[in-house]
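Order as written gives the chain letters A, B and C; numbering starts at 1 within each chain.
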């Protein structure tokens, strides 16, 4: 039964890591998808990084196959990265090509290092979530296919991260990435009077960010349709406000320029540039084309080491919208939160 | 074009929709239509059960759903929109080809109810439902249920959250054992890394939950991280395989679990709390965006430069001009013969030069900064975390000073926040200045983005008296 | 909807055994549901927590936070989890007739 804690460090680290723990002095990228780390002991460690299926969903049979490769090439250990790639660590230099070929045979492309598209991440979406307004896993699959060349070659100005969230709860980290795809609802949640009996009404009223839920007689509430921002906070707090979502109401918003590193212009949350695109499974053509467009404009205009957010900071939002040929709309201007006036320009330093 | 809809008699939710033409020409559709009409169904929307009501509407063919646009990807072929047998998965098949591994292929290799996903894609809305409850005596956290809105496909699905080992390193031995458990009790499907840093096993029937949890703990993994507790902490790869890390993130996380395991497994806070540990300002775990409490490795002295290595890198074609011009503090200068010089007064210690140039390493005066209040949703939307303590020594093995501070700050949140209020929202409500005071941290200029521009500050009468006496 | 009969009285419950109408709660409900939540016998300590939760819910319409529950009943967190092995937010609330906890967010 629970209470034992996580597995010990000693049992989960591969031998080459144990020998050189904390002794690494430099790293380089010999080829896309392969990273070389040098230790002060003189030992070099080669890491081979491969993409995994969207949302890191693998069947046990595929996992056993990958474990077999780890046994054969990486002393029986592997690692899952923050961006849902799988890493084989300590692969002998002479056997790297063999491992890459073996992975390719199983449809696991190697890449996603340095100045390339890093593996996409997303939440579970339609696969296993009741709030999803879109299916980010399918979108990420379509985007990965479209940007296959960008994944396997170092052809971009800087690294590119694309993430997708099924709804604005953002479990898939859309707002963290250079390009984020975030599912949005546009319909009004229902109010099921029967189920409301089993609700904590004060909580439901307090979780609404805009105060759109108001008491209406004893044990009943109403939603102000003019105020609702479709955020599903009430649906999360109480089943009486569910289900939210409709095939034609749901869709995605596209945000750009998110970044965590303190290099360049420092950390930033991604900003919305397209307020709505429809869901069209299985290939989501509107969404993939919008992403292609933004990537192409960025590649054509950015300087080396400039991620999307930094490129936009340099050229300004007006130039970004002009170059990407995106329509401006008041939906992109935030009038919602307390800092809202900061979203409007307060000077006349325009770029035309 | 006439459309026939089968709807819930109570709430009007459309359960299936056919065209008159389809019903007349496609025997499978007709069979399904008759079957649904004859039986009592449970509405996925309002969960009322009973016979479905039929409505007929005439729609202009042009205003029907837009025809599917051609796929953007060159690899994928357009799917035919003909009628398929129940159990067919045209949407999933459409995403099963290409250069990348496909989740659809993986789902179909397991006992996952593929129609739940297929139907969601066809209907463009999720088929999973709201609510649901599963309790397992002795397990306060780590077990969740996902209800189904399509009980005829699956009744719902329990899953357990397993806390990942440090650095997300797995030995194949432990992974084979996990696969065996997933095959024995669950769908045989692994969610290898959720964005919260857990490994999830889906589809464990309620009666199997107890033996599954027992076997998981028997092979050395532990479960937890659901509910209003500390969620699984995440750390970057740190000293295990990175030359830039400024403290031992893996060791710190192991110590964190030793100290705070109860808070991970027994929910007690107003809302969830996410802790993330990054070894350096590159912030590979995205802690500044996601974590309520974020420990980021920082250093205070100048970067160390090995001139010999830098010169060699430049000679071999390294682009030192770009590095100097893109340095955010504009503190790097390069002259042939003189080498690389750094002006520590304007250095932001951002790691850019260390990332790019072999031979430039972070300095030796190292510690952690404690940041607070990052989140991607909460009540007031995404927020970056704010500096609470700009520098603190992280001393192994138990990191007492850091963890004492973390516990103190959590206590402030626990005692003052409202129910279901994330740390960032709580700070926004009470004011960051008040939060600093409650936490009892020292005011230092490193906390500031900029000082205030208005004069609306409060003084207590005693403070005024004290200042006069001075 | 399923119905359970406790002390000769029928109660409408949902698929997870929660009362449809929390207003109908009485002590027989707690007794009837205890075994599902891993409690073999309801002691005076259990009742103290259950009554506190029920009264709080009647007064404020929501469940108290764990910190408040612990302070007001005088039981520390460990004791509460020992009394209710599925936890205060799940087991204790169910027995006290409070609404079903929802979601993972």
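In the analysis below, a contact is a pair of C-beta atoms (placed from the backbone, for glycine too) under 8 Å apart; a residue touches a chain by one contact, two chains touch by 3 or more.
All figures in this text were calculated on a predicted structure; none of them were measured in a lab.
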| item | value |
| --- | --- |
| Most contacted chain pair (by C-beta pair count) | A-B |
| Chain whose Cα mean lies nearest the overall Cα mean | B |
| Mean-CA-position distance for chain C and chain A (Å) | 39 |
| CA centroid of chain A to CA centroid of chain B, Å | 9 |
| Between chain C and chain B, distance of the C-alpha-averaged centres to the nearest whole Å | 31 |
| Contacts with 2+ other chains: residues of chain A | 131, 169, 171, 203, 237, 239 |
| Multi-partner residues of chain C (at least 2 other chains) | 14, 18, 62, 100, 102-103, 105 |
| Junction residues of chain B, two or more chains touched | 130-131, 138-139, 141, 377, 419 |
| Chain B-facing residues of chain A, complex | 1-9, 11-14, 17, 21-22, 24-28, 37-38, 45, 47, 51-64, 67-68, 70-71, 76-82, 84, 89, 106-109, 121, 123-132, 135, 137-138, 141-142, 144-146, 148, 168-173, 175-176, 190, 192, 203, 206-207, 209, 233, 235, 237, 239, 242-243, 245-248, 250, 258, 260-269, 279-283, 285-286, 288-289, 292, 303-306, 336-338 |
| Chain C-facing residues of chain B, complex | 130-141, 144, 226-228, 266-270, 377, 414-415, 419 |
| Residues on chain C engaged by chain A in the complex (per definition of touch) | 14, 18-23, 60-63, 98-100, 102-103, 105 |
| Interface residues, chain A side, partner chain C - complex | 131, 169, 171, 194, 197-203, 236-239 |
| Contact footprint of chain B on chain C as seen in their complex | 14, 16, 18, 36-39, 62, 65-67, 70, 77, 81, 85-87, 89-91, 94, 100-105 |
